[in-house]
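Two complexes follow with subunit A in common, the first pairing it with subunit B and the second with subunit C.
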Partner chain A sequence: MRHVIKIITILVAISAIWIGLLQTAVIPNSHTWLLPIYLVVLLGCYGLLMVGVGLMRFPTCPQEAMLLQQDIIEAKEFLKQKGVDFGSD
Partner chain B sequence: MEQRKEEKNKYSIIIPTYNERLNIALIVYLIFKHVRDVEFEIIVVDDGSPDGTQDVVKQLQQVYGEDCILLRPRPKKLGLGTAYIHGLKHASGNFVVIMDADLSHHPKYLPSFIKKQLETGASIVTGTRYAQGGGVHGWNLMRKLTSRGANVLAQTLLWPGVSDLTGSFRLYKKSVLEDIITSVVSKGYVFQMEMIVRASRKGYHIEEVPITFVDRVFGSSKLGGSEIVEYLKGVAYLLVTT
Partner chain C sequence: MGLADRAVGFLLSFISLSIFTYYTFWVIILPFVDSDHFIHQYFPPLEYAILIPVFAGVTLLFFLCVFIGMVILKSKKKKP
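Moving on, here comes the complex of A and B:
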């Protein structure tokens, strides 16, 4: 099944529940009408929260950059010994 | 483990290059330093670099042996996806590793890819920068923000089952790579995402190992407006085609 179909199916199911709520009026209709807006706001909040949390906990590795510099020096020395000419940069 | 005794695994490491004469020498040294006790070959796919990358590779062949380092050049810049297909044609291993030549991917992680595959029998092991033990160095706030935003968007819409979609440090069973690479049409960042999403949809077993990503040329992997548009198009394309 195409992935977009899965997502559309979920949206249709949510719409069906919503229409059901409108029809049966378990909660007042004035509230029910606003539910889709709440849903969109909720989705937006989820997105912002995930980006925010991801950004705060973004894993960084400054020590790796230093280790790499050491590896580069070591590699250059070895390769020069072996007579590999890789230019001056 | 038993399977290993019957037939010996061989790993073909495909590295596409363009003007990487220094980096290719460093990366080859580091691969030979860190990958021990397994059979492997390095396949350099050079797109006609004018800086003499191919000469350096030929010198490295003299040091390490021509059967361990294969130079399979192409006449001009023809793109990353076709570089992998080109390298794949010359690969003699039953596993293929793809990695970048610019040292943002460190060969010291190769043993953990191999170990993970042997432990789990996975079809694909993909490096993730976002798991415990992984990380990125050299990105500014804007670059991190775009990266997180792009990731949350793709995770929410595509449910790919892996945490790092656009990473390009991966180990594949050769047959699996051959199977998916022919159906992939995207370029650039989206190429890596399309590969892993298609593999996930086909039900291949995918495992992750943490890797670190050191951006040495500061901002070399920055995302401009056109890249963001390409990325969004890629996500939409994957939504309707996978």
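Moving on, here comes the complex of A and C:
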């Protein structure tokens, strides 16, 4: 709930700034009308950038992967003896 | 495996940064440049700066709804 309220307050603040900019023509009005769409595109770009950076910095642990495979093989052997049916592999 | 991930990540960030710079240039910097500067021929007219994101958003919504609809139909088919 708190998160939603935070997001809503941020949205209200941004729209207040936008309407304020519209009323007092500090920036020419044609500019101000494009601002929300620009912000949305900026947000999408930022999300894409975070995904790309996260992908690039994702740590793979090769030793852990090997140990995990060994664990899986051991568990399969053990459970096969006990009679559990492994249909797919 | 890690290399392919890193390549995809790099591609995504590169696309994101290029879209960001091009769009920022288009919407924010270009209106302040004189209309007979040569740089204007590299950018389509300003209406497209609104049309293209809106069109992309609508397309995204469309594919999302189609995907959800297909998933719902598939799960209904399996039930009986």
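Quick note on the criterion: the second predicted complex is superposed on the first by the 65 of 89 C-alpha atoms of A that agree within 3 Å, B and C clash if a C-alpha of one lies under 4 Å from a C-alpha of the other, contacts with A are read in each partner's own complex, and residues count from 1 in each chain.
In this section, contacts are C-beta pairs under 8 Å (C-beta built on N, C-alpha and C of every residue); 3 or more make two chains touch, one makes a residue touch a chain.
Note that this is a predicted model, so its numbers are computed, not measured.
By the touch criterion stated above, A:Y38 is placed in contact with subunit C alone, subunit B being left untouched. Of the two partner chains placed by superposition, only subunit B is touched by A:V84; subunit C is not. Look at A:I14: by the touch rule set out above, it reaches neither subunit B nor subunit C.
More residues of subunit A are touched by B (comparison of subunit B with subunit C). With both structures placed on the common chain, the touch criterion links A:D71 to subunit B but leaves subunit C unconnected. When both complexes are overlaid on chain A, the residue A:S30 reaches subunit C alone and has no touch with subunit B. Once the two complexes are overlaid on the shared chain, A:T60 sits against subunit B and subunit C alike.
Common to the subunit B and subunit C contact sets on subunit A are residues 46, 51, 54-55, 58, 60.
Remark: subunit A residues 28, 30-31, 34, 37-38, 40-42, 45-46, 48-49, 51-58, 60 touch subunit C in the complex. Touching subunit A in their complex are the following residues of subunit C: 1-2, 5-6, 8-17, 19-20, 23-24, 27-28, 31, 46, 49-50, 53-54, 57. Per the touch definition, subunit B reaches subunit A in the complex via residues 21-22, 25-26, 29-30, 51-52, 56, 59-60, 63, 103, 106, 129-132, 134-138, 141, 144-145, 148-149, 151-153, 155-159, 201, 212-214, 216, 238-242. By the touch criterion stated above, subunit A contacts subunit B in their complex at residues 2-4, 7, 46-47, 50-51, 54-55, 58-62, 64-65, 68, 71-72, 75-76, 78-79, 82-87, 89.
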